[in-house]
Every structure is written in C-alpha cells, then in structure tokens.
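This report concerns only the one structure given below.
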C-alpha cells in the first residue's frame, strides 16, 4: 500500500508521470490529480483526473528508475548491468560492493537482487543524489557511502567497479572478495579494459573481458531488419577469485 | 553450514569438482577425499586429500549450475538471461512465471533474484531433471510444474517464455501479467521472433525485439583484439503490459 | 588533361567543391574562380581565387561520386559494394550486369573495375539521372539501359541485383551467367534475403547470405572505443553458378 | 584460349580441381584426365575422364586464388580487401602500391582492378611464392618486389599496407601518394590501429579506422538465424591525402 513520499508511476492516455504520493497536485494536459489521493492506493488502482481522464497506478520497477531517476551523468546501460548480474550469478544470498555509484542506477538494480549492497562514491554530491534515487526505490538493503573505494573494508561475494580504474582498485577488489566471488569492471575505453585485464591476470583465477553489442530489430510492413542505431557502451571484464 | 546432500564445489590444484556432501569418496589424480567430511564445513574451508592436496570449499553459484547442472538440451546463455533480468527489472518483489523450463538454468538464475518462480515444462522427464538442478541449488522459492504453459493461472510481474512459440502463448502471457509487468520471449530464429512481435504489438504497450552479440576480447603479448568466436544465440523480445 | 565539361574536385582552405570545367564562375567565401581556367589543367595543379585563396585540382574518384553524385534515393553503401566486388572477384576481364541502377553509384564503382557494365533500371527518370553521373565519371564502358531486368540478354561474369527481388529475377540471373560466374543480391530486409536464398538454393552451386556490420573506431585523449553509430545496411547474398 | 602452364579450375561431380594445363595427368576418384587436353580449351568446355565423368573448364577468378593459391601465412580476408577497394575507390586508372605482399592474394585482387600494382615484401621467399601466385593469375600489371617498403619510390593513387606497422611507414606512404589518393592500413590488433591513427592524424586530411564484422546467415527448415561463427579479422584504417 502506497504511503506518503512513495514514488508512483501514473500511466494512461498515452502518457506516464513519475510522481510522489502526498501533498501537491499533478497538472497535465489531461486534467489535474490530487497526489494525496495516492496514499493508501495499490498497484493497478485507477485514478481519475478532475476532467475524467484515467491513470493506472504502478509501483516503479528498476527499469523505471533507469528512465526517471535523477542523473549525475550517463549511467551504465541495463544490458551491461544484466551482463554483470548474469556473469557473476548475483543472487539473494550475496553481499555486493559497488563503487563509482554515479546516479545509483546499477546499485538499484543490484539492490533488487542481492542481500545487501554498499555503494561507494568519492564525490559527495553524486552520492547524495544517488541516495535520493535509492530511497525512492525503497531499497533498505542498499547503503550509499561517500568515500573512496580504496577505503572499503569487509567481505563480499561480488565487487562491481565503474570508475576511472587503476591497478590498485583491482588489487583492492581481490582483497574484499570471498573465495569463488566475482569482480566485474565496467570500462568505456579499451585502454581501461587493458588495465583491468593486466592487473587481474595472475591474481584472479579466471579473467574474461566482454563486449556486448545490442541491436534492436525493427519490423514494419516493408519487412524485418536490424535498427541502424546499435548499442555499444563499453567493456565488462569479469574475474573470479 | 553444509548439510547432507548439499552440492559443493571443490576447487584447487587447477581443478574443480562438483560434488554432493555425504556418503562416498571423491577420487582424483590428486588423491582421495571422504565426501562425508564436507558435512558441517563452510565456504572457504580447505580440505586435504589423503596424499596432501588441498581443495577449497565453495557453495555453488548460478554460474556454476550453468557449468555443472544436468542438461536436457542447450540452455539459454547467461548473456540472454542477464538481458531478461535487466530489461524486465526483475527483483526480490517479483512473482515470475517461466515456461519452457528445459534444464532449469534460467529458473535457477531467476530464483536467485525473484520472490517466487513457477516454471512450466510440458515434457515430464525434462521437468524432473530440472527439479533436480533446482533442488541442488537449494531454491525453495522455485517450483517446477510438468504442465502446458497454457494451463498456467495466477498473476505475475514477469513472464519468461523459451519454447516453440505460438501467438496464443503471447496472448496467454498477457492475461497472466500485472499492469506494468513484462513479457520476455527468447526465440532462436527470426521467424519465431516475428511471431512474438506480431502477436504482442497492439496488445502490449511497448514491444522491443533485441539481439545481443557478445564478443570476448583477447589480450596477449601481440596485442588486443576481439575473439574470433562471437556469440549470438537468439532474439529476446521484451513487451510491457 | 581536363577538358570542357569534365567534373573536377577543387580542394583547399578546408573546403571541397565539385565543379564542371568550362564556362561559369565558382563563387565561394574564399573568393571567385573562373571555371574555364580548369580546361587544360591537370590533377595536382593549384588554382588561385581572385583574392588569393588556393585550391588544388583533383580528378574525382568513385568515392567522390558517392559523396557528390546526384541521387534518386539512398544508394548502396560502399562497404556493401566492396563486398560484392571482393566476393565475386570482379576484375578487368568481366562483363557485369547490374540491375536496379538507382543513382548509378554501384555501376560507377563496377565500371572502374570491370571490362563492361550494363545497368538496367525500369524507371526512365532514374536511369537518365544515373546516366548523368556515369557520364560525369567518364566511364565509357558503362551503359545505362532504361528497361526491366527481365528483358536483359547476353552472357555475364557477374550479375548484381539491387531491386524489389522476386524469384524470377534470381532464375533469370542464372540464365545470364557464365559457368563459374556470380550472382550478388543486395536486399535491405530479411524477408527479401529469404526469397533470394530460397530461389538460388538448388539452382546455384554455392549460396551464401552475408551481413556486414561496420563500425568506425574513435580515438581521443580519453581513449579508444567503437563509435556508437554502427552501420548495417542490408544483406548481400552471393551465389555461384 | 588456354595455353601451356595456364591455371584451370575443373568443376564437376561435386568436386573442384585447381590444375595446370600441360603435361601430366589428373587422377581423381572419378577417373583420370590428361592435362594436355586442356590446351586450346575455353571456359565452359566440358572434358570427360577415362571412365566417363564430366568436368567443366573454368578460368580461375580472384576468389579461386584466395581458395587455391599457395600461402605463406593467413591472408587478408576478401571482406577486408573489398573494404579497401571500395573505400579507396580503387579503379582502372590507379597505380597501386601494396606492401606486406604475404601470399600475394590482396595484390591479385588489386591487380584485377587497378592499372598497375607494385607489391613489396621484405622476405624474399614470401615474395617468390607470391610471384608464383601472381603468374598463375596471369596478371602482367602486378610486380612483386622483394624489398623493404621504405625503399619504395614513385607516385601512387593508393598505398595499401599489411605489415608490422610503424609510424615511419605511414609517413613514407604519405610521401608516395598523389593528392587525393588514399592510404589503407590493415592491422590485426588494436595497438597497431592506434599507431596508424596517431601517425596519420594531422598528416592526412581524413583518417577513419574501421572494423568489419561479417556474419553469414543460415536458413534451414527450422528458420533463419545468424551463423554462430562470426568473422572479425582486423581493423582497416583509411586516410586520404
């Protein structure tokens, strides 16, 4: 049941609105809606604006936070987040350390999967913004920490790094991992991928750099073909301790 | 703490063994190990064979079940499973329906992420084999059901189909989804992808067929280049209700 | 030596102009140039505008006709034209039949390679425009014919089709080819590729549909990575008689 | 008309034989053929073995030299050769300098397109083997030179390099090119591509590194899909003077 301050997605009339339940009014070209009326509502309920337009209530999913969350820069793409989850086998038993929080989108995805997530970000204003997104996502198991990754302690099943990578980050990640745990490093550039591979080889028992090229297919009356916009965003190196 | 019948990964001396704790002996070229000695052990413990070789104890992760689980055919690749998890935003609040269980690998990945998973498989012998893998993975929230997907009832946040797809499967998936929930269809062939897209368009509010091309990069003294073996396995169509 | 009416590329001051030698004046923000002064000039000569800017004379290459030629629609991309040349082994001994002339760009590339090229285009206005481009390229061995490909006769080493393909086009191409000769069909959509493959299989001794994904790499101070705009344009099926 | 010593392709009975017209006998599981009987024959003629099997006579094309030519190492793939031809606009007016002859396959393709080709190879035994392939291809306009590329002189429309590249090779190529001419460098590794791009930028007026990923599509009763073997071979950088 939706409480005061909860994020809600209102969907209808070909539109979507990402709002907060509580005081205030949503004004749209399809009419106005009192946001306090969301309190106590549930997913699937339908609300009506003052002029009769109908909007369905949705509890936002991680995909919605990718679309509507506040951003401090270009976040990792879901395709690459999915690769990290799948290639590390991230699951509800895992303690995850994420560094280079950015907008917190990866941490939100991981928080929906893992037992606990600590996410380090050295820039306090980025960490604060990410904390807002995490709070909006109602993830009590995710903690945003405004500190350098090299200061992180503890033991983790998965360490995920999305930052200006240096060899000492790879070495520190190794020291934080349980036996059998995984390091996943996202690097936009080839030179950074090489730093990760060179630092991890010899230390970790398996090291695999990956590139994901994603294409959306298009299908019209004329036929089926790949979209001309193709999606490469970076390299993801997976290393197992 | 490891109990009788639990799956354990023993790693050491450049070898890995996927064993079951309890009566019996593991015989390797590095010596013998009494598997009953695993009972009561924990992840990270080190056991010694009769001739002094050392093996570390690991609790298997989903990635290990992809490698060592019993197979009834070619399973979906982790890269495609990751895309399903990321593009549906699958998380610990979700009820997931999976159909076309196969060896149960996708269900094991989903079971580590979601609140509950029901996985339908029309071939009883496949469903029974998948159930063994699921039991090995100690996932109490995953239920293997030997029945036709069209017989499935209930309400779900994500429906995932990996089967000989027909338009009625897409329509039935729609009826099983909560508002804002996602259908994800894996199809190896373009003609099947077209069936999904055509059946979902108009019914679902967003329909996006994707192709993932994954390349492993190789790095040696001679330099860095993509591996010549590139990995395409099929198309994943994501549709949102 | 450049004669009246010859196409010339003037390059300098960070600009390029595709002009015709003869009467007239080129007016640019870098000054004016009498185009009659090009007559008798040679590649590499440098001309000076009335206010002292310098432009080098170039004889246009096929790549320039791709950039500056008149267009009646989207032409085949050079990457796909190159694949046709390489996979058919097109060379100076070859008689080539091209159909679906379009703007004539493929015919201009082929004319620079083969002994003779006949290019069929059923729309007379397209054929006339292509003929202008071909004349500009000074290719005496290329003939633009405003007629249906099915009316073509003779014997050829290579038949290249870029048109709304039907099975009878594939069959007719077979009848026009010398033993050991090649059919190359460019098709933007998968459904058309399937028509070609199905019609050619059994008839031709080898049938190979190809897709070319081209990426430009980018390199800056930040590092090296693939461009995010990736180039797929269609499928090229190569069949050998 | 085929003369003594000419290369001939005999095709029939599901087999292909790459032979030399003149003294000798071809022995196959489909019978024997006197190779002197090829002298005076023409493309398309059909010869009969002593036991009645029929083989058609073909004059080999560049594609056949790629398949049957003698090799001193892995040659450039036709897809990349095609990209060089198309992106340089190579044509019958061009003087081409090729360096890193290898087996001479690229030089044979270029020789079928350009007015003249000089191909430099520093290893004399490689150059001699390439000369045999070139002679077999009856290309009087291609000259194999056993010398270092840095010793090359003259003026060319296209310079193509496939060798252990160093910045001085790029600089020397620039000095050998006519205005408007193209350098094309094939490099298997990213580090070599970076050397080319860095040396060419500032010197040439356009510099574009490309990667070609080629996929063969497969089509069976089960459906259409990309082949799992995908073809990347290296990077081709195109720079224009």
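Per-chain numbering from 1; labels A, B, C and D assigned in written order.
FYI, a residue touches a chain if its C-beta (ideal position, glycine included) is under 8 Å from a C-beta of that chain, and two chains touch if they have at least 3 such contacts.
Please read these numbers as outputs of a predicted model, since none were measured by experiment.
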Both subunit C and subunit D are touched by which chains?
none
Same or different, please, for the subunit A to subunit B contact, judged on whether over half of the interface numbers appear on both copies.
same
Given a C-alpha superposition of subunit A onto subunit D, how large is the rotation in degrees, taken in steps of 5?
180
Centroid of subunit B to centroid of subunit C, CA atoms only: how many Å?
49
Where subunit A and subunit B are represented by their mean Cα positions, the distance between them in whole Å:
21
Quick check on subunit B: which residues sit in contact with 2+ other chains?
190, 213, 215, 224, 226
Work through the pairs of chains, note which ones touch, and then classify the graph as line, ring, star, complete or other.
ring
If you go through all the chains, which pairs of them touch?
A-B, A-C, B-D, C-D
Residue positions on subunit C within touch of subunit D in the complex are 9, 11, 43-44, 56, 58-59, 61-64, 66, 78-79, 81-93, 109, 112-113, 157, 178-180, 182, 190, 193-194, 197-198, 205, 208-217, 219, 224, 226, 235
Where on subunit C is subunit A touching in the complex?
188-192, 213, 215, 222-226, 228-234
